[in-house]
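Order of writing sets the chain letters: A, B, C, D and E. Residues in each chain are counted from 1.
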Amino acid sequence: MRVGIADTTFSRVNMGAIAIDELRKHASVVIERVTVPGIKDLPVACKNLIEKHKCDIVMALGMPGGKEKDRLCAHEASQGLIMCQLMTNTHIIEVFVHEDEAKDESELAWLSEERTREHAVNTLKLILHPKDLIKEAGTGQRQGFSDAGPARR
Amino acid sequence: MRVGIADTTFSRVNMGAIAIDELRKHASVVIERVTVPGIKDLPVACKNLIEKHKCDIVMALGMPGGKEKDRLCAHEASQGLIMCQLMTNTHIIEVFVHEDEAKDESELAWLSEERTREHAVNTLKLILHPKDLIKEAGTGQRQGFSDAGPARR
Amino acid sequence: MRVGIADTTFSRVNMGAIAIDELRKHASVVIERVTVPGIKDLPVACKNLIEKHKCDIVMALGMPGGKEKDRLCAHEASQGLIMCQLMTNTHIIEVFVHEDEAKDESELAWLSEERTREHAVNTLKLILHPKDLIKEAGTGQRQGFSDAGPARR
Amino acid sequence: MRVGIADTTFSRVNMGAIAIDELRKHASVVIERVTVPGIKDLPVACKNLIEKHKCDIVMALGMPGGKEKDRLCAHEASQGLIMCQLMTNTHIIEVFVHEDEAKDESELAWLSEERTREHAVNTLKLILHPKDLIKEAGTGQRQGFSDAGPARR
Amino acid sequence: MRVGIADTTFSRVNMGAIAIDELRKHASVVIERVTVPGIKDLPVACKNLIEKHKCDIVMALGMPGGKEKDRLCAHEASQGLIMCQLMTNTHIIEVFVHEDEAKDESELAWLSEERTREHAVNTLKLILHPKDLIKEAGTGQRQGFSDAGPARR
């Protein structure tokens, strides 16, 4: 199994390194990493990880800024990542942490690490243990902040 | 006939299980199920259900959160689902329940179940009895809350 | 000539039946009709009308609701219809009537019928008499409400 | 050289005729013209001009209305035109005049003519004299209203 | 190595010339330049630089105006650039400077030059020294204004 990691120099947290650390804790997979300037460079970087580097799944890690223009960039990047998945029939786990989700720099660093680690686990489940995800269906999982849990009637 | 079911661990209701229950009440179809982390993972999951698992139709079930960012995620997922359909010439019935459509947790659970069951019936009509849908054309059908009904001059 | 008609059960007016009635008044064309649950199901339905049922042109008829979420659905459907046209090199005439364009149920029914009939005529012009449309270029045509007319210097 | 012209019956100015008049003043090119109902019909019309009528470049001319819904239509049409260009490796010069850009009908007519004529010249430069455009790089050109000019430090 | 440069006559700064100047300082690469009227013409221009002129990477340089309509144009152009990258498996470094990012004409000229030069360096790193970018991952790099730096816990 080959897992691709694509992250950015724009991000204020080394999300790629965290993802690799977490993946290594759980499985022995081959890892290919690329770093690009910003989130809008991620779609084609992921496509190359899949098509040239033969990755079976990719994590796309980024940290959009807190301004309106940044939200639009994140939207464009997300659309590109979805299109890339449809063109390659391969999952890309998008791990975006918006700068304005955290109340300060310290929480931003914490949130980025938590979300990245939880999504690294999801990434492995998707390619190695997909049936485990069915058991979690509808349980209100969240990555980073606490889970919402199931809605009760 | 093979029906694909794709749902999420993010959802607070086990929409996949409800869909399968309803489908089984009405027809004996083969069912393939996958669960992914969030709604943005649904488009490629559906594509794989269609191309690798040979599903004739797919239900894509998800529960977007109530915040602005969540609405944008739902928008991106919906665009991906439409593109996936165009790439495969196969219907994907999108069943999204926005957390803010319901006034509380209990209504959210009720609405998710109702909408999922009604769309499971639509799914079967589309592949087994498409002419039945023509009879309902323009009748203001809604899934979950009550029907709007036809507009009278 | 084969004209495809795709409409919805969500719509509160039987736009498909109106379109067929108008087409029959003007030309003897073969008509293929499908009805789907909602407007987001229209793009793939149109693609199938074009590719499986060999339609030369399609009318996509729908009635988006008046809420913000409904407007976004209409946007997603429209993007899908444009992509479908680009993939097939075939015109799809989109006839959408937004519920909030009309002041009441009665005007909604009237507007839906008017716009559908006028676009049915456009549909026939596009495939049978395209030169007639050049004569109307820049004349401020509207479908449903009254024409805007040409702007005078 | 073949230049395609696609315009609409929705527009309140005969932009197609103006474009053709301007093109003829500057070069002897073959012109193919189609008129469609509205701007959302332009992408596939342009694709047919390129693929069926072998145009080397196309002008897509339209006049979106001034309401929010109209702006969204223009956005959808623009996305379709960009996708069409990427699918065909052929430039399409979009000439859209929004009804609310002008203060009255007379200015609207004037603006539509000016912008169309200036873009007709751009169209010819792109296919006949692309090096001329490099000389104008960064000079703040505008089509219709007066040029912004270069920014000075 | 061949680097494509696509810029616009709409921009108020000759970003293409600046990019070429910076590239030449750092590496001896072959440069192909095209100038188009506006940012929406960039996607297909980049596609032609990649497919016809065999560029290994492209810089797309533009200066969207400060109005709402201009922001939408930039959004459409960005989506097209991402799609172009996915169709060609080739990076396009988007360098957009929004007119309203700067407080006056002088800052606009300064910002355009700075951002263009910094992204020219990124462009070379991506094709010549991709490992250098991994060392900068998560360091909060910005192009033009000062870097945000890493977030500290």
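Just so we're on the same page, a contact is a pair of C-beta atoms (placed from the backbone, for glycine too) under 8 Å apart; a residue touches a chain by one contact, two chains touch by 3 or more.
Values in this document were obtained by computation on a predicted structure and should not be read as measured data.
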* Asked: Could the interface between the copies chain D and chain E be described as same, meaning over half of its residue numbers are common to both, or is it different?
  -> different
* Asked: Counting in whole Å, what is the centre-to-centre distance of chain A and chain C, each centre being its mean C-alpha position?
  -> 40
* To do: Round to the nearest whole Å and give the separation of the Cα centres of chain C and chain D.
  => 25
* Asked: Tell me, which residues of chain B touch at least two other chains?
  -> 79, 83
* Asked: In graph terms, nodes being chains and edges touches, is this line, ring, star, complete or other?
  -> ring
* List the ring in order: which chains come, beginning at chain B and going next to chain C? -> B, C, D, E, A
* Structure fact -> Counting only contacts in the complex, chain A reaches chain B at residues 71, 75, 78-79, 81-83, 85-86, 89-94, 98, 119, 122, 126, 130, 133-134, 136-143, 148-153
* Residues of chain A that touch chain E when the two form their complex -> 7-17, 33-37, 40-41, 43-45, 47-48, 51-52, 65, 69, 72-73, 76-77, 79-80, 83-84, 87, 105-106, 108-110, 112
